[in-house]
Structures are given as structure tokens and as C-alpha cells.
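Following are the structures in question.
In the two assemblies presented below, subunit A is common to both, partnered first by subunit B and then by subunit C.
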Partner chain A sequence: MSLLVVVLFLLSAAYLVAVLEDRLTNGRWRWLGPAWAGVALLGRESTLPRKPDRLFFETAPLLLLVAAVLAAAVLPLAPGLVIADLATGALFVNAALAYVLVALLMAGWGPDGAYALVGGWRFLGQVVAYSMLIVMPITAVAMRAESLLTTDIVVSQEALWNLVYQPLGFVLFFIASLAVCFLPPFDLPTAPGELAGGVAAEYSGARLAVWRLARLVLVVALAAATTVFYLGGWLGPLLPPWLWSVVKILAVSAAMLLGGHYLPRIREAQLLAWCWKLGIPLALLNIFVVGVLVLIWT
Partner chain B sequence: MIHGARQGEWNVVRRVAAMAMARDLCAIVVPGTEVARARGLDLAAAGLRITASPRHANVLLLVDDLPAALLDAAVVLYAQMMRPRLILALGGDGLPGLNADVAAAVSQPSLDAAVVQLRSALAQGAFHPAAQDFHAAALLARIEYTCPMHPEIVRTAPGDCPKCGMTLVARETQGGEAPTPEPFPPSENDPPAPNAAHVHDDETGHAHAGHGGIDHSGSQHDASKHDASKHDDSKHDDSKHSDSKHSDSKHDGSQHGGMDHGGMDHGDMDFMSMVDVTKDLPRSSDDLPMDWIDVPFGPVFPGLPGGLSLTLTLDGDTVAGVQAQSLVGVTTRLSMTDIEPHHLVDGFERLDPLAPVAYRFLACRALEAASGHRPAEDILRGRVAALERERIASHLGWLAMLGCQSGFAWLERRAAHLQRACLQADFHALMSLQSALLALLRRLNRTPLLRARLTAIGTVGAAPELRGPVARASGMALDARNGDAAYQALAFAATGRAGGDAFDRLQVRVDEIRHSLTLIQSAGDLQQPLPCQAEAVSGAGQAAVETPRGEARLQLTLEQGRVTGALLQTPSTHHLSLLGTLLAQQELGDALSTVCSLDLSPWEIML
Partner chain C sequence: MISWQTFFMAFFGIAAIVFGAAVFVTSSMMRSALALLFSQTALGAMFLAMQAEFLGVLQIMMMATEMSIMAIFMVMFMMDPGGLGDMDMSHQKRLSILAGVAAAVFSAVIAIAAHWPAGPETLSEVASAGAQVRALGVELLGRSMLIFETAGVTILTAMIAATAVAIPPLQRSKAHES
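What follows is the complex of A and B.
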């Protein structure tokens, strides 16, 4: 039951994210736009490149989708509304996101094309940059909750959301989650103006439809993670808990899309330099500060 | 029926899919969106979404009557698009051998009407039981055999190298003497195979030749059993790379670089020693041996000017070699001798779609210089205003291209919108746009990451051949407007920066938009340059005009009212030749930023 509800939620939230993305690129609200685009993709040809690594090429979009759904599987939408309330939930999110890298590398290698290949390896560099900034803020969140259970993490924010309790961690996690979803300004692997679509350039028809869906679900999954870790999950007055989750997740998704709209793409070398020289010290500082706060208040 | 229909009988599902496709028109633009913008077209308002990859497009949009080399590139793009696909030609006929599905004039109302026609054509003709394959001369390829160690050995049949005895490896080249043999038989269009996915050999045989992307040696299907062939074409070493290898035998003057490299073959990974595999590979500056691949960026590529054929040899993601040329240069399109003066002026107006007023102005001034005619003061002032309006529009078009290149979506949309508003604006309309323009420029200065992205990228040292904003960003006060009486009357003073990097070029263009607004404000009403009467006049003269990209010079000789000699110098010609040194050893993204920051116009390049 939870499975069905969560999957339906992911799909409909992904649809709304697609509507917003369409609005940002074309300047108009077209509520049926993504639906038509999806059906149109299914009606178009979907060819293989000439010398593909067939296994990698075919698997990559599905793997991306699976990774995104797995990450969302441990994130509760309401008390009891979670696919799997794992004892290691917070770590599991990170483990599932590791497969995003695998999917992108496969999509880069699979079609045997230069744009895709460069895009795939660029994402490897991007992972090296952002991965610590996913794990270390989650560590601080788990320290406060004294648990890796995602439901415990939500409950731990009853008095004060982590957004306020550890704002530094929130900022780092939010930026890193943009990088996970390769959204602008971190769209290095797809970079329309540099790689003409990069890892996605060779996908067409139904395969492209799966790829785009997977990416949207990934955005929603990361927004859900941000909501659970920093925005108090389902907590909130008046409205039913699930609605609070939905509202927060959609708001975070919108923020993730909007930010990159007003920024140029970051350079790969600078991304690595800033993440390691600035991001990781800040993340350590965040762990230290949260540690002190936890000691004082308990 | 549309030419690019997908094969298949109609059924309910396909009716729905066709309806959906008619609502979801994704276009790839030839020569490029910058030309569409400069012609005042708003593609998004007409309902076309612009895609970066031809694989994601279902409309090939041809803007203007295009030169043959660019049409060949468009043919390759068309072949890479997924069926059902359509051709929309604005101001042209379509592709060689294939008429456009919808043809219209280059104007926004006719574009809007054409899109409506496209939608109904697609809704009614997306599928057809007897859809045919697409064949064109530009898609033909030839297999030839060459020695990995001796690139000068080229044979038409497999065998051993006469010099070293190594087995010759196959590679694919452009050229149509013989249609492609065995490896790529023309396939049926979407046959009802049990597995829906299949390879369209006719298309993917040339995948991305024009647009870039694929660099397989297709011939490795049969040749890859030899270890040597794994690195066949990518086994450049520096000396080979610089001389004959690229210049003559392989690219053969065509724009389709990069499709003959087998560097990334990942079949048959038999065990082989790393040392053996890498010993002949080229060495980068960091001494890491890697496969080098040639990747085409253009002649049609998002974020770069259309018509610029740029092929980068990539060593990892570092640029190790550059080949750049224009496919749409001046001499391919315009004859400049023995013509009537007003034909010259009209020809110059069409010379560069990105700067029609400036070149029209140049032709008029050169005619006036040759015939000794001097226009009245207010006409001169009106021309200044028209030229400065074009400078604003052109710089805005460049900002939109920068937005596309750097993924700055807001900038792309906003600058494109303002560019369209400026193009035909009169004095009052321009003055009312002023606050919006200044707001955009202020916004640019406040944008995080923009400075970091462009600073220290593509630094150009001061050199006397530089022109326009590129020169002024490198600390040189070169500006044809300095010596112009009409400009001096308006108290014009050229400005510049000293750093010479991409960010300085951005700053110079931003400052110039401000200055141009001030100049228009004092010059008053705009006036299109009109050719003077030069009947039965003989003489010679030269003129210089500061186009948005820098000073262009024209020397004219008139005999009895006819132009008998013309010599044109344009700013982009030299800037193009800078690319080789500027891009070397840059990361790919930085290299493309550099190319974009030079604001090259392939149309004005003298071949």
C-alpha cells in the first residue's frame, strides 16, 4: 500500500516538476505539456547508436530510475507512509545515490559517442566533488536525532527544524543535491551549450522518455531527502502530515530548478576546488557545531 | 504524406501519438538560433522548442537560403533526427534533393502560420505504411584502408602496408564515388521487427557527422580483431597530427570531422599489456598517454555561431588540437566585381545576417568615398543611430549566445527578448527600452559565478591585427569610430579594458551597449543608409565602419558607374586564426567559452 502511494506520489510530483521546467524554458505554463511530450516521445523512433555497448546503453536510464526510487523508498511522507523504514535509512539514501554515478557513467560509455563520453567522465569528477557534501551533513543530522532512522530524524526536529538548527548543513546539502541531480548550474554531464546533451544526447524515443522521467524522479527524491533531513518532514500545524510533506517537497523541487535558471554553469575545476577547499571544511565545522549543541542541550 | 514519416500502419495508439507529436515540436535550427534571432524570429512564441541534440528534435528549421556546405551539414542533421520528422524552410527551398515539408518567408507571422501547418502535417502524416528511406549525396561514405603507422598509405582494398608490413585498417571517409559497401547497407525504414529497437544503418553510419558526437571507425566491425586497429586513427603523434594527416587525405575539405576515429572501441577487450597499448599513443603535457579523439563542434552547435566548423582534438577533456574554418565565408557567397552599385549595397546587406546594417553602411560609405559624394549632416547622424542600434542588438544577441553556451537560461531568454525588441525599434521605442536594457546589464554584474566562469579564460594579448571589442578588451584603443566626424560631433570616446580575457570582453560589450544608448540619445532619429547616386562616375575610395565585431574596411574602384574592384577586410577573419593558440591545452568547457567570447561571425570571414 505504502509502495503504491509513494510511487504514485513520485510520479505526480515528477510531473509537476516537469511542468515547472517547461515553464522556465519556454515561458508559458502548459499543464498538459509534459504529458504530450511524453506520449510524443513514445511515438518517435528510438534507435541505437551504431556501435553501442548495448547493455550499458539500455540499462543506464533504468538504473537511474531505480536509484532515484530506492533513495525515495526510505524517506517517509507521513508517519507510517514509507516503503521501508530501515534502521540505516539515512545511510541508505547515500548508498542509493551512489548508483546515480554508475548510471551516468554507463550512459556516457554506452553509445560510444564523444559528447556522451566526456559527459560521463565529467560526472565522475562531479561525484568526487559533491559526495562528501552529501554524507557529512547527513552525519550531523543523524547526530542530532541520535538515529539513522529517517522517521526518527523527522521526529527529532519537532521543536526546531534542522534548517534553523544547522543552517550550514542545509546549505551544503542543498547545493550537493543540485549536483547529484546534475541540475544547472551543475549540469556538467549534459551541458547543452558544451556537449549538446552529453550523456543524454544519443537517447531518443522511449529510452529518452525513461531517462527524463528518471531525472525528474531523482529531483523529487533529493527534494524529499532535503525535506526529511532539514525541513521537518511531515511536521507542521493544521494541515494533515502527508500534505505538509507534499508541499515542502514541491517547494524544495521548485527551488532546486529555479536556482540554476539564474546562474551560469560552474566550471569543473572550480567545482572540485570549491567543494574540497571550502565545502568540506565547512561541513566539518557544521559537524563540530552540531556536536557542541547536542552536548549542551542534552 | 510527409517525407520524414515513420513507417507503420495507422492505429488508435499512433493517432494519439501523432496528436501528441504535433503539440510537441522540438526544433534544431540551421544555421543557428543566433541567425533566427537576428532576423527577428521568436521561435518559442511560435511554439517551437529548441533542442541541443538532433536526436531530440523532430523539426529541422532552415533559416534563409543557405550556402551548399551548410546544406550538406543540414542533410546529416536531418538524417540523425528520429522519424517522424519535418523540414521547415524559411526563405529557402529545403535540402538538396528534398523539398521542405513547409516553406515560408522569413517573418514572424509566416513562421506562426508555418508552425500551424507543421502541426497539422504531423498529426495527419506522422505514420505511413510506405515511408521511404532518406538518401543524399552528403550521406555517402567510402571505406578505405590505411596503415596505422604510415598515414600516407591509402588503399581501396584490405592488405598489408608496403612499408612496414602491418595489416591495413579500414576507415570511413566522406566522398561519393562509390556508395558505402558492406558495413552499412541502407536499411528498411523501421521494419516490423520483433524487437522494436534496431539500428538505422543508413543514418547512424554517419551519426553526428555534422553535429558532432560519434567518432567510431565504422569499419572496425570487421577490422577490430587486430590489436593495432584498436587505436588506428587515434594514434596520432604530434608530428603526424600537424601535417598531412588531417589536412589532405582524411577530411578532404569537408566539414564532417571526427567520424573516422576508432579510439573508443569497446568490443573485444582481450587482455593486452597496458604498456603495449599505450606506447604509441600521443603524450599530453602531463605525460599521460591517452586516446585522442577528434570531436566536431559545429557547423551547427548550440552556443556556437552556426556555420563555424570547429573540430577539437580532445585529449581526455583537454583540447590538444584545433581546426576551425567557416563554411559560409564571404567569398563563397558574394561576387564583388562588375556589378551595379545598388546591387553591391544589397549584397553587402545580406553579407552577414548578424550585422546587415553595418555592412550596408560600409558599402554606402565606400561608394560615397569613390564617387566623392558627401551626405548631409542629419543623414550622417541618423546613420550613426542606426549603426549603434545594430550594435546594441548584436551585443544582445551575443549575450543570448553566451547564455546558451554557459547554461545561463535566464540570460538567454532575456537578452533574446530585448534583441528582438531593439531590432526594428525607432528612436522612441529604443528610449523606452533603455531602462530594461540597463537593468539587464546591472543584473549581469551581480550574477554569481559569471565572473568566475570567464576570468582568465581565453586571454588575448594586445596585437595590431585585433579588432573591435576583442581589441578593446586587450587594452587597445582601436575603433573606427574614433576618426569619424559624425561620431566626434556626438562626443564619442572609445573605452576599453586591459585584461584581455573573456570576462573583459563581456565587460567591453556591456559598456558598449551603454555607450550606444547614449549615442542614439544624442543622435536622434534613425536612418537606414541609402546608396548614393553614382551613375557614370569613375574613381576609387575606401571606407571603414566599426561593425559590432570590429572595424571592417572596403576599398572600391568605380568605372563608369560600375564596381570593377572591391577589397574587403573583416574583423572575424583574424580572430578565427587565433583559435589554434587560444584553445590549446584548455579544458573543453573553457575552450568553448573562449570561442563564444570572441563573438565570431562565420559569415564575414574571408576564405
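What follows is the complex of A and C.
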């Protein structure tokens, strides 16, 4: 039952994110736009590049989708409304997100095309930059909850959301989650206008439809992770818990799309330099501050 | 009647062996690296089937990044990373096959001859996943702290040293002059 509800939620939220993305690119609200685009993609020919690594080329979009769904599987929408409430939930989110890299490398290598290849390897560099900024803020969140259970993490924010308790961690996690979803200004692996779509350049038709869906679900999954870790998950007055989750996740997704929309694309070397020279020291500082707060307040 | 636990152990065990064999069968460096990744992921899944949740999730997480980074090095340093030029990576085939078969037979004999604890009561003896995480944390910050800290600092030192060595001497002398 939970499985069905969560999957339906992921799909509908992904649809709304697609509508917003469409609005940002075309300047108009077209509520049926993504539906028509999806139908059109399914109707079009899905071309196969010359001499592809067929196995990787076919697997990559599916693996991206699976990774995004698995990451969302341990994030609760309401008390009891979670696919798997793992004792290692907060760690499992990282484990699932690590396969986003594998999917992008496969999509980069698979089609035997220069743009895709550059895009795939670029994402490897991007992961080296952002991965610590995903793991370290989550560590601080788990420190406060004294648990890796995602439901415990939500409950730990009953008095005060982590957004206020550890704002530094929130900022770092939010920026890093933009990089996970390769959203602007971190859209280095796809880089429209420079790599002509990069890892997604050679995909068309039904394969591209799966790829786009996976990317949208990934955005929703990261928004759900931000909600659970920093915005108190389902907690909130008056409205039912699940509705609070939905509102927060959609708001974070919108913020993720809007945040990068007005920024220029960052260079790979700059991203690495900023993440390692500034991001990691700040993440360590965040862990230290949270450690002190945990010791004083409890 | 085999339990689900046994079934998944066998399933992921066979998957680990198949992917492990694929590492050496393919000549594409990328396929080789990712086959090794999925072999390791299958091992992680075996840990999950054995109710070692933390270990399993950690294995599944760590290997994805590690093997991907290994892939780029394999592509960089091999003369034929795509495997399109009929490059043969294998050598000493007879010895390898003999060693492989001997090791497999040896492990199988141990697996069959060992006195495994039987019965359903062993399942309940396994601590819950939450208790395991807690026990691991206490262990890491208690008795084993010195070992892990020493290992961690040693690895960090090695990484810094390797990076320093990798910077070409030319650049270093230029930076020195300016």
C-alpha cells in the first residue's frame, strides 16, 4: 500500500516539476505540456547510435530511475507512510544516490559519442566535488536525531526544525542536491549550448522519455530528502501530515529549479575548488557546532 | 524447503560470481570496471540477506564511487580502453585456471564440512539492525578507535603524498621561481 502511494506521489510530483521546468524554459504555464511531450516522445523513433555499448546505453536510463526511486523509498511522507523504514535509512539515501553516478557514466560511455563521453566523465568530477557535502551534513542530522532512521530524524525536529538548528548544513546540502540532480548551475554533464545535451545527447524517443522521467523523480527524491532532513518532514499544524510533506517537497523542488535558473553554469575546476576549499571545511564546522549543541541541550 | 534468506544468499552469491567472471571475459575497460562494481554490489546484497544491514548498505554505497573512479584510471592508462582492438589482458592462463578451481573446491569443502548452527533460534539471536549500528558505533569510538584513527591518518598521508608526487617537477620549479 505504502509502495503504491509513494510511487504515485513521485510520479505526480515529477509531473508538476516538469510543468515548472517547462514554464522556466518557455515562459508559459502549460499544464498539459509534459503529458503531450511524453506522448510525443513515446511516439517518436528511438534511434540507436552507431557502434554503441548497447548494454550500457539501454541500462543507464533505467538505472537512473531505480536509483532515484530507491533513494525516495526510505523517506517517509507521513508516520507509517514509507516504503522501507530502514535502521540505516540516512546512509541508504547516500548508497542509492551513488548509483546516479554509475548511470551517468554508463550513459556517457554507452553511445560512443564525444559529447556524451565528456558529459559522463564530467559528472565523475562533479561527484568528487559534491559527495562530501551530501554525506557530512547528513552526519550532523543523524547526530542530532541519534539515529539513522529517517522517521526518527523527523521526530527529532519536533521542537525545532534542522533548518534553524543547523542552517549551515542545510545550505550545503541544498547546494549539493542541485549538483546531484545536475540542475543549473551544476548542469555540467548535460550542459545545453556547450555539450548539446551531453550524456542525454544521443537518447531519443522512449529511451529519452525514461531518462527525463528519471531526472524529474531524482529532483523530487532530493527535495524529499531535504524535507525530511531539514524541514521537519510531515510536522506542521492544522493540515494532515502527508499534506505537509507534499507541500514542503513541492516547495523545495520549485526552489531547486528556481535557484539555479538565474545563475551562470559553473566550471568544473571552480566547482571542485569551491567544494573542497570552502564546502568541506564548512561541513566540518557544521558537524562541530551541532556536536556542541547536542551536548549542551540534551 | 529453503528459506527466502537462503534463496537470496544463493541468488546474489551466483550474481557476484557471474559479474566477477565478466570482469575478465570482456575486453572493454569500462565494462570490466562496472562488472566488478556489480559483483561487489551483489556482495553487499548478500550482507543484507545475512541481516548485516549496515555493512551491506555501506558496501553498496562505497563501491559505486570507488569502482567508477577506478574506471577512469583504467580508461586513462590502458592502450585500448574500448577493447575494440582485440587486446588480450589475460596471461598465465593454465596457472590461473588451476588456482581458481583449487580455491573454489577448497571453499566448497569448508562450506560443506563446517559445523553451521542450525534451527530457527539462530535467526532471533541476530541483533536488530538498529542495535548493530549502535554496537558498531560503540566499537569504533571505543576499543578500536586507535586502530581506525591510525589507519585513517595513514591513508590521508598517503593520498597527500601521492598527489604531491604526481605534480610534475617542471611546474613545481616554475612556481618556486615566481
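The criterion applied here is as follows: the second predicted complex is superposed on the first by the 298 of 298 C-alpha atoms of A that agree within 3 Å, B and C clash if a C-alpha of one lies under 4 Å from a C-alpha of the other, contacts with A are read in each partner's own complex, and residues count from 1 in each chain.
As a working rule, a contact is a pair of C-beta atoms (placed from the backbone, for glycine too) under 8 Å apart; a residue touches a chain by one contact, two chains touch by 3 or more.
Note that the structure is predicted; figures quoted are calculated from it, not measured.
When the two complexes are overlaid on their common chain A, residue A:Leu86 makes contact with subunit C while staying clear of subunit B. Contacts of A:Asp53 after superposition on the shared chain: both subunit B and subunit C are touched. By the touch criterion stated above, A:Trp109 is placed in contact with subunit B and with subunit C alike. Once the two complexes are overlaid on the shared chain, A:Gly205 sits against subunit B while remaining clear of subunit C. In the superposed pair of complexes, A:Trp121 makes contact with subunit B and with subunit C alike. Touch counts on subunit A: comparing subunit C and subunit B, the chain ahead is B.
Of the two partner chains, subunit C is the only one touched by A:Ala95; subunit B is not. In the superposition on chain A, contact of A:Ile266 is made with subunit B only, not with subunit C. Residues 53, 109, 121 of subunit A are contacted both by subunit B in one complex and by subunit C in the other.
Residue ranges of subunit A in contact with subunit B, taken from their complex: 24-27, 32-33, 35-40, 42-51, 53, 58, 109, 111-118, 121-122, 184-185, 187-188, 191-194, 196-197, 200-206, 208, 260-270.
By the touch criterion stated above, subunit A contacts subunit C in their complex at residues 53, 55-56, 86-88, 91-92, 94-95, 98-99, 101-102, 105-106, 109, 121, 124, 127-128, 131, 147-149. By the touch rule above, subunit C contacts subunit A in their complex via residues 28, 30-31, 34, 37, 53-54, 57-58, 60-61, 64-65, 68-69, 71-72, 128-130, 132-133.
Residue ranges of subunit B in contact with subunit A, taken from their complex: 6, 14, 16-21, 23-24, 44, 49, 51-53, 55-56, 58, 82-84, 126, 190, 196-201, 203-205, 207-208, 211-216, 218, 220-221, 258, 264-267, 293, 295, 301-303, 314, 316-317, 403-411, 413, 447-450, 452-453, 587-590, 592.
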